[in-house]
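Each of the next two complexes has chain A plus one more chain, namely chain B in the first and chain C in the second.
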Partner chain A sequence: MSRGFDPVEFGIRYGFLLLMAGLIVGFSVAQPAFMSARSAVFIFQSVAITGILALGVTATLVVGGFDLSIGAVATSSMMLAAYAQVIWQLGAIEAVALCLLMGAAVGYINGVLIVKMRVPDLLATLGMMFLLMGLQRIPTEGNSISTGMALPDGSNATGTFSPSFLMLGRHRLDVVIENLLPLSVVFLIAIAVLIWIFLEMTRHGRIMYAIGSNDRAAALAGIDVNGYRILAYVISGTLASFGGILLAARLGRGDVASGNNLLLDAVAAALIGFAVLGAAKPNAFGTAIGALFVGILLQGLTMLNAPYYTQDFIKGAVLVIALVFTFALSGRRGRARH
Partner chain B sequence: MISRRTLIGLMGGAAMWPGLVLAQDGAPAPFDNPGDVRIALVRYLSTGDFFQAYLSGVEKQAEALGVELQVFDSRQDAALQADMVDQAIALGVDGIIIQHGLTESMKEAAQRAVDAGIKVVAFDVNVENEAIPQIEQSDRDLARLALEQAIEDNGEEWVAGYVYVPGIAPLDRRNETWVEFKETYPGITEKAAFGTMDNPIANSVANQARSVLSANPDITVMFAPYDEFAKGVKIAVDEAGLSQDVSIYSADISTADIALMREADSSWKATAATNPAVVGEVSVRTLAQYLAGEEVAPQVIVPPTLITQDQLNELEITNMEELGAKLPEFVHADVSVSDWMTLPER
Partner chain C sequence: MPANAIAIAGLTKSFARNRVLRGIDLTLPAGQVTVLMGANGAGKSTLVKILCGVFRPDGGSVMLGGRPFAPAAPVDALRAGVVTVHQNINEGVAPDLDVASNLLLDDLASGSGFFLNRRRMREEGRRIADAVGLDVAMGREVASLSLADRQLVSIARAMAHRPRLMILDEPTSSLSAAETERLFALIEQLKAEGVAILYISHRMSDIRRLADRIVSMRDGQISGTFEGRDLDYAGAVRAMLGHEITEVDIRIPDAGGAVIEAAGMRLREGARPFDLTLRENEVVAVAGLVGSGKSALAEALFGVSAPVSGEMSLDGKPFRPKSPGDAVRQGVFHLSKDRLRNAVIPDFDIARNITLPFLSRHQGALSIMRRGSERATAARMIDMMGVVCQGPRDEILTLSGGNQQKVVVARWLAEPCRLLILDEPFQGVDIEARRDIGRRIRDSAADRATLVLCAEIDEALEIADRILVMSEHSIAGAHRNAEIDLDLLMAQVTDTAPPPSGGAQLGVGT
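Up next, the complex of A and B:
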């Protein structure tokens, strides 16, 4: 690669970012309201929850694993946050701590199932997904949780969501414009930066990549492969439960939902991330861009009155194109290098 | 024809009201020995507050009548639901309630049940069978009540946003009313139509509604004829700081919805709803009448109620129970009531 300019190389590295810039310009021309500070912030807000989940997926992808349970962890965490506050009448801090603990515990169990019990990752997390989807409904007999709801014993729930808890999903900071930046966006950016630093800058991150590319070699090099793989699932579970907390804070109730759409959107973001900057591997920066890309598309299409099925179609098309970028083009480059 | 029959049913039900206390004494066969009567509820949809409340209505009315109820839950698996009807036939139940489902998959299974001598009623699914009475919450009336309120509040000229996902039977029926309304009132302009069933639905709809509101700042009325849609729109309206400028009209209600409608400056102005628990009770009563050999209308319609923000505030209603207590028409429908029946306690 000593030549000055290689269009294929350039396309692989910057193609996706250019496509994104093109989309932004296109939508702005078609609908001027698209190009405003509020609209930009809103795109971030609409992808904050799936983005955070996608960063968790990235952590498991890095060690060559996969976590199908994140959607269910997120909705379970939402139900738990609601249950803790509305029925147990706990405060915001206890509720958040409880949810994070639940997410970490689920991640740990996933990790142990995969590493110690040797259950394949897709199967273990699939089982966990169904388990959680059922478990979150048992305490309320399948009902959503909200203040004033009738309890199985005939009385009514009197607890309310703590205002500081609701702030997590609703409060907006004054940045340049008043009430501009939602806290959830701040969380997304902070978590993305943290995961990026962890994976790219620390020894632990490099070890996790090493495990993902060849776990046997990593084990022979004296690395605690099992420990790191469990850690990846704990990260994934914890981030998913945090996503659920933000969801509960935005909706203001515990909504019965399977979370499958959250899972699919998060996985799509992480996979699109492979194509960003020609990384051809899971990476935090790519995941964040992938999530944003989907957010920009959906926001723009909705503004242009495109019905939901065309949005699903386009989401799918983007994913396929991203995967082609990753596997076909980058693969050719890889072979050319040999 | 249908409405006249329903009306006669209503009048009959109302006239019999005082006799209810004595219920079950002179119950016709097979309800003279209700413990031996077994009915099955075969469900297609079960997740969510509406279906949970429907089930509780079915359970309560079955208990009040003293019959044995068996619940089959296919969880949106159309083939499994048909198998479950066969299972119920094999168990030798006396009556079956089919709750939702697809015409194509249920038609034959329902016919098999009828052939086996079982009395069948269907809620919100058309199984194209004359021997099977249909129980319906009137979605057209739901939409009409909400839209009439929108006209009353906002006049006949406004710019609207509309939330709709085609292909879902009750939403399609509500949509028919919306289409008619736009023709009747040419002053209504539909600037944007959006909607999604991605769950959590409220969260996904909120994201869409935010885009729609920023692209179309002139929208003053949002018609969201499903409460999950309305919740999503309300989140978006609040986030955009437009709660004074946009009014939301909706259908369905729950305790959480009541809280949202009653928030200070809430943009959610009115909703029209049928109590799902009442629909569940009506389903069981219709089946019971059918089993007792009484005449049952081919279409049994449970009438909806309009619930406005002002009403909730004036009557200080905070949950579904109080709604039932203070708006009695919401907690009981005099539909499919015979004098020998015991009604659930309230």
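Up next, the complex of A and C:
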């Protein structure tokens, strides 16, 4: 099948990885401190939460859908975790279970809205996003949640975050260097591997790709298309709520002002993933690389003292370039899309 | 002799390797209704799309009123006086706009001026609507009109362009009898005004009512032109469905026990109920025009849609599939027609397209796919079907149409089943691939019942032990594929034969 060296084909497959390697080398030359274990860990930590959300949205992209509610699910989960511990005084395990259940339930409702009520995916999840953004602020009348906060009835909240809950976002494992590896990075890597195995190697992942490619044909092959669509949104909602748990554990409070960028960063990572290895379709490996790419770029620019307000511009430029890679270049190979 | 509104000579069009039009010569006289008949894939819609400016032909010429006509875009065709009323009525209207805006849509698209003059638009719209007898308020939203009125809106809009040729593509498919009559009256009026009408339909009743001439299309060519006082309807259908008495060599095996028994089946309201028996070892073909209910029968057996009434049993047990997945679990497999839309997974390679319905057969612990098992099945099926490819990892879209079809047929032959339904498995494949696929279906037909829905009579004669004829969503005849009375079969296809006495014995066949 390989007929000599085809530079376009090579560019489509490895262009993005080469670009990333080039960035790492470039930043290391300009700022030697970039090339250190601490710096690498910092990059991973900065993308852990968006990466987990991006892996969830990848699942919905695979079945030909889209989930705009992930950012709101994550912040709702953060507020719920804080509320459960500070006001209801629940323990870490109960709080985590409650948040994950909430995420799965929101995902299920999204799925049912899209599959059964036939609301277009963008609109259903956009509606859910607004709904959750409002809902998460109602119990506290718009205030952030922290120990000692004034409650509407005049008393003060006495509950505290459980130490084992805070560990989720703050604990660092000793790997080679003491206190090197944050737990959240371990979660990101584990979830990335699990989602990759699920999508690429299991029957269920195969079926989800078939649905994304031609849902009529999949249904006529006897596949429960609606069930798998709902499953994709449940995965997305659950992972988003887990991202929210990590955010709450890192901040140690339910902060109404945080998490604004989560949705756009996660979606960008998943879409950049289309360009990795010339996949031209949503895939878990690409999503992880996409999240990492954005992290490397921002960390490098920060170390080179680039002003903070250039960040969004850079992210946008990367996304546009990645999309050109995916659709303009690989489209020439004659991949059929419809 | 009326002047020819349009004269087509040597028109050709290919899509990749697929030659869809192979030299069409056709004249459409002014003031006459020319009915165009053709099975799926004969090239009708490509011809229409060239005439209305969607496609450009590869070769040949079209003369409109004596002048060369080569529209670069639909708007050119419209300006030149070629208007099309599509089968899908909503394609011709903008449902969210009011009636007046719809009637003047083409003026809006090309007009000067920035602001709309509502009063002038309503007057203009009223004038256009009156010309076709459309009596609705100009301010109503088109979405609130009945289908027939929506269609009239699109016809009225087309009329405002003083058409020379009007193309109607299955215009009566969603109309009631009274609405159909109103449309026919309008067509008569257009005829009288000297408009040439190209009318595409498979409804024999419409055709008998309207046709001045019938043109049959088959395999991208005109296969027959019929005119004169007494139109030869059966001849036209035969020209469309084709029949060249190829050396048919069918050895009819002894049929086994009944696999499917159906009694009192009604596929839609008002259709005559029928019974059906499908037996082990036998290959049964279903012949019939487009819209005769072939696909509805297949969909009822596969759980896509339930029949209006009737009882089905599979191996003697009641059979009422709730979904395709349910049918597959009970051993009823079905390959839909139109493979690119309904069967091919474009992003998958050959192996993954083959294993799709039976993935659990190839899974190990934790549902992880066993690649070796998949590859082995794919290799076995590629070999069995004679798919021409470099290997199971070839992308499916790199294959020719015939080989793609072999892959999606292979999908359902990979596992044993009780009933295999193939809906137009020869659509868009060349004659060699057709023989290949047919032979493999027959070779593997022992121990199951096989039902093949055919677009052409030749296909049915090549593959079947028994041929059923469907018409008006019911079974109009059954023939053992040996010394067939083709005239009777054709008469049943065109619904001109007397109905068989009592449907009950139809299914037994042999």
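Miscellaneous remarks
Criterion: the second predicted complex is superposed on the first by the 329 of 338 C-alpha atoms of A that agree within 3 Å, B and C clash if a C-alpha of one lies under 4 Å from a C-alpha of the other, contacts with A are read in each partner's own complex, and residues count from 1 in each chain.
One rule holds for everything that comes next: a contact is a pair of C-beta atoms (placed from the backbone, for glycine too) under 8 Å apart; a residue touches a chain by one contact, two chains touch by 3 or more.
All figures in this text were calculated on a predicted structure; none of them were measured in a lab.
Taken together in the superposed arrangement on chain A, chain B and chain C fit without clashing. In the superposed model, A:197 makes contact with chain C only, not with chain B. Judged by the touch definition given at the top, the superposed model places A:206 against chain C, while chain B stays out of reach.
Contacts of A:155 after superposition: neither chain B nor chain C is touched. Judged by the touch definition given at the top, the superposed model places A:220 against chain C, while chain B stays out of reach. In the superposition on chain A, A:49 makes contact with chain B only, while chain C stays out of contact range.
Of the two partners chain B and chain C, more chain A residues are in touch with B.
Centres of mass aside, this uses C-alpha centres: at chain A, the angle toward chain B and chain C in the superposed model is 130 degrees, to the nearest 10.
After overlaying the two complexes on the shared chain, residue contacts for A:299 are found with chain B alone; chain C is out of touch.
Remark: least CA distance from chain B to chain C after fitting both complexes onto chain A is 27 Å. Against chain B, in their complex, chain A makes its touches with residues 31, 33-34, 36, 38-39, 42, 45-46, 49, 75, 78, 141-144, 146-150, 156, 170, 179, 182, 247, 250-253, 255-261, 298-300, 302-305, 307-308, 311. In the complex of the two chains, the chain C residues touching chain A come out as 304, 323-325, 327-329, 334, 336, 341-348, 352, 356-357, 359-360, 362-363, 366-369, 390, 397, 411. Taken in their complex, chain B has these residues touching chain A: 46-49, 52, 165, 192-204, 206-208, 210-212, 214-215, 217, 231, 235, 238-239, 241, 254-256, 258-260, 318-321. By the touch criterion stated above, chain A contacts chain C in their complex at residues 1, 197, 201-204, 206-207, 209-210, 212-214, 216-224, 281, 334-338.
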